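Shared between the two complexes below is chain A, which has chain B as its partner in the first and chain C in the second.
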Partner chain A sequence: MNSIEKNINELNKLQNLQQRSHWMNELHPLGKLLLSVLYIFIVVSFDKYKVVPLIVMSVYPFFGFIAGELSFKEGIYRMRLILPLVLFVGIFNPFFDKQIVGMIGSVPVTGGVLSMFTVMLKGFYSVLAVYILIATTSIDDICYALRILHLPKVLAIVILLIYRYFGIMAIEADRIMTAYKLRAPHQNGIHYKAWGTLVGQWLLRSMDRAENVYESMLLRGFTGDFRIRKKKVRIADILYPIIWLLAFAFVRYSGFFG
Partner chain B sequence: MHTGVSGELLKIEHLSFAYEKDEQVLNDINFVAHDGESIGIIGANGIGKSTLMKLLVGLNLNYKGTLEVAGHSVNKKNLNHVREHIGYVFQDSDSQLFLSTIEDDVAFGPQNYGLSDEEVEKRVAEALEKVHITELRKKHTYKLSGGEKKLASIATILAMEPDIIIMDEPSIALDPRNRKNLIKILNEIKSLKLITSHDLDFIMDTCERTVLLDDGHIIADGPSTDILSNEALLTRHGLELPLRLQK
Partner chain C sequence: MHMADALVAPAVAGTMYVLSTGAAGVSVKKVREENDPKKIPVMGVMGAFVFATQMLNFTIPGTGSSGHLCGGMMLSAMLGPCAGFLTMIGVLLVQCLLFADGGLLALGCNIWNMAFYGCFVGALLIWKPIMKKGATRAKIILASILGCVLTLQMGAFSVTLETLLSGVTELPFSVFVATMQPIHLAIGLVEGLITAAVLVFVHEARPELLWGIGEGKAKEGKLSFKGTIVALAVAAAICGGAISLFASSFPDGLEWSMEQVAGTSELEAEGGAYETAAGIQETTSLLPDYAFKDSESAVGTSFSGIVGALVVVGVCVGASYAFRFFRKKDKSAT
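Presenting the complex of A and B:
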């Protein structure tokens, strides 16, 4: 399996997760979206030295993974491109903030080390929260929630189409690469002389496919707005985000965890 | 959307079309189709079958002549009316199915026509039932086999209840069982059907009337049994007898 196939497979696996019949998938997307956004806001709002309440905030992603029956290993694997960046953000803090703020046994802990740790945790939690959202909510539902929040319809459609066309372009790239490799079995990778032609072919084919998809939409009455069926709001759809938000507010503002 | 229009649903008079000035693709096409008919459009590769179909649904409006769908002239002003009457099943099902699940995709058309949620739900259920894939309703579109994708594509069009259904090479890449199943389903659909195909056996099984195109003209228009058994005519225009008639 080549790397494009692997990525297409990953995308398919993520879509499988989104289409599962699971209570977390069936929650109203607006609640899940707001909850994720607010969780991230609250997490990043903690003081840079507040480690304990931040550790307590890990309850949400842990709950998401366990209750949502999501594989932690796969989640980390899928977020592998973003996680190093997130972890890199605070890496220089120990060099700038050398003030000792506490001791672990006889080892002094500087403010820089603490803030590095909290920045990394904040980034890590944020990525996990986003993963839980996208693993339990389809892109159509996320766009539906965004439209309820009055996101301009043009933006919602652009998000949906980019998502759709991304898959199409990946499939076309995979076809071209496979056709090339089958006729160049002893070659390692693609010869640089073929790059221009292949990229050109790829763009042309993708445009062709994208045009067909767009025509298919036009022929079924598409006029620039996705009319997604309204989702009924159940009590669980309201209770789930509210309970979590109350818990977050308690951790953030009660001072119980320091 | 099915509007109860009957009689002459499609009228083509002196239709000509060229992508470039010197490259005439269709030349003086005259053709009338009625409610309930099933018409095969045949011809060799590149003679303009798909172009003709795309003109009918208004994907290209730079034609000359008269083109009327259910009494509406195909022009920019009437496009919405025209498309309410006519459904197009693409040759490549992957282009037709662009939403996550089959039910979302089938619901897409009716929703765009502003139908109530109850009506959309009813249309989706009926369309899936007609092509016998109700059990695939929640399935993700990328997980379907070629045959299932084709049936799902047809369901997306049936849900709009069009008066006219156009199908571009519907039997392509189907295995014998799926092909047989598709023939059965198409024969159950009572709307006016226009089917382009190189699979002449398929045309024989699904269409009582056949139109042979070549060099931008209609060469023959008549009962499928007559046209598809005329070896000399077919050979002259780059085709061969259906397999079942070959010795």
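Presenting the complex of A and C:
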């Protein structure tokens, strides 16, 4: 499977998750967005040696995946982009911070090892928190939440258009690639002489689709701003983020977990 | 060059959000003043184009490393600095949310490192002065390569500064910079060549669509507006599809730099780590009998604390499953 197919599959899976009828999907997007941002903010604010409270902070992603009926496998798969980077940044620390801060049995533990561990945990948690958000909230709803936070209209429209055009282009690209591979089974990649005709057809179809999407939006009453039905704020929409934020604040500031 | 949330401290992230928001505010104002409804779909298509190209890694010969397109320079040459900057913000936000490429908290840093330099510095200080007296093939190639190299160097330098200021790595500044900059020089050259190829094509097809070139100097276009949009999509298709077949499995520049340094560095630790860890020892002891042996040294954490934390997590995980079970039971009952 090539990278485009993988991205399309990932996109489709996310869209299916976003369209589920689930209580987490029905929560107000503003609350979920703010909760995710504040969770990440609190997680990265921990000192580099504070392993214990960081472990406790894993409760939020665990709850999100279990109660939200999300796949741990998918969440872990999303770490592929940040995992190498976080690992390499963290891996320096044992080389430079060699102060022995304790022993586990006869094995010495250095400050660098602890800080490497916390960097990795912070990386994992932030990716998982964003996954919980995007798996239960559509891009349209996120843009709606951002508009409540006074994100400029033009920026919100551009985000929505990029999202739509990307999907269309990627699907067309994948179909043409498959057709080419079936006709040229022993070639390693597309021959440069075929790029023009191949990509030209791909482009025309993609643009036809993209223009259709944009014209459809205009026909459905798109006048430069997107109309999303105002979401009613229920008690659960307020309680859910507040309870979590209180829990985060307790772990972060009470000192109970060190 | 996308930074993850784990690499930035809240203060650094907040500062970069403020700076990026300021630049976005100016851009929104300028785009509103232009009042060009055609620009919105072009921004959408160009954003999708950059999105497609940023999914790819280009192998840099002889280094074992790879990099991907920044796209800021290309967007600014097509849309101008303000519309280009807003488009890049959209691309970075969607990438972060959909594919976990870059963090939500680090978005301000990523916007600054990739969008601000590419769009504002690239467009106003490099592209515009070179194109002042009209565009030629050679000028476009020069501006593209120069713009990509310089803006990527600035971005890489900012990544180094932001990571070090956040205090997540013990790497010395000089070593970090010395490994980050050269690899991004090579990436910049590759990006410059690809950008030049696309912009030369656009110049030959519809020169009036390139930003910052005198209208009197512009040649008559051979394609319609719609045709040019199609041409841009072709370029997106080439970058997003055909070249992806050759996408590299090597780590990107930042990862490569760190790998190189980690393998050779033997520097001694220094700074306040000892004192910080000693502070942690005093507050971390849920089960003190199981604490580390050497209580005289600076104990960063304790075994007892970790056990306690794991117990708490275990209880919460069990509670989560129970929550789901009872919720389903309630649902089936009703």
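One rule holds in what follows: the second predicted complex is superposed on the first by the 234 of 258 C-alpha atoms of A that agree within 3 Å, B and C clash if a C-alpha of one lies under 4 Å from a C-alpha of the other, contacts with A are read in each partner's own complex, and residues count from 1 in each chain.
The definition used in the following text is that a residue touches a chain if its C-beta (ideal position, glycine included) is under 8 Å from a C-beta of that chain, and two chains touch if they have at least 3 such contacts.
Just so we're clear, the structure is a prediction, and the values are computed from it rather than from any experiment.
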Open item on the list: Applying the document's definition of touch, where does A:R164 land relative to chain B and chain C: first, second, both, or neither?
Closed with: both
Open item on the list: A:L34 in the overlay: touching chain B, chain C, both, or neither? Say first, second, both or neither.
Closed with: neither
Open item on the list: Applying the document's definition of touch, where does A:K50 land relative to chain B and chain C: first, second, both, or neither?
Closed with: second
TODO: Please work out whether A:I139 is in contact with chain B alone, chain C alone, both, or neither, and reply first, second, both or neither.
DONE: both
Open item on the list: According to the stated criteria, A:L14 is in contact with first (chain B), second (chain C), both, or neither; which is it?
Closed with: second
Open item on the list: Output check: A:I76 vs chain B and chain C. Expected answer is one of first, second, both, neither. What do you get?
Closed with: neither
- [ ] Based on the superposed arrangement, let me know which partner A:I148 touches: chain B (first), chain C (second), both, or neither?
- [x] neither
TODO: Would you check which partner chain A:L219 touches, where first means chain B only, second means chain C only, and both and neither mean what they say?
DONE: first
Open item on the list: Under the stated touch criterion, which partner chain does A:L245 make contact with: chain B (first), chain C (second), both, or neither?
Closed with: neither
Task: Set intersection of chain A contacts, chain C complex versus chain B complex - done: 139, 164
TODO: Would you pull the chain A residues touching chain B in the complex into a rising list?
DONE: 12, 15-16, 18-19, 21, 138-140, 164, 167-168, 171, 209, 212-213, 215-223, 227-230
Task: Interface residues, chain A side, partner chain C - complex - done: 2-4, 7, 10-11, 14, 23, 36-37, 40-41, 43-45, 47-53, 55-56, 58-59, 62-63, 66-67, 69, 78-79, 81-82, 84-86, 88-93, 95-104, 109, 111-112, 114-115, 119-120, 122-123, 126-127, 129-131, 133-134, 139, 142, 152, 154-155, 157-159, 161-166, 169-170, 172-174, 176-177, 189-190, 195, 198-200, 202-204, 206-207, 210-211, 214, 224, 255, 257-258
Task: Touching residues on chain B, where the partner in the complex is chain A - done: 57, 59, 80, 83-84, 86-88, 90, 92, 94-96, 98-101, 104, 107-109, 111-114, 117, 120, 138, 140, 142-143, 156-157, 160
Task: Contacting residues of chain C [partner chain A, same complex] - done: 2, 4-10, 13, 24, 28, 31-32, 37, 40-41, 43-45, 47-48, 51-52, 55-56, 86-87, 89-91, 93-94, 96-101, 103-105, 163, 167-172, 226, 229-231, 233-234, 236-238, 240-242, 244-247, 251-252, 254-255, 258-259, 261-262, 265-269, 273-274, 276-277, 280-281, 283-286, 291-294, 297-303, 305-306, 308-310, 312-313, 316-317, 320-321, 323-324, 327
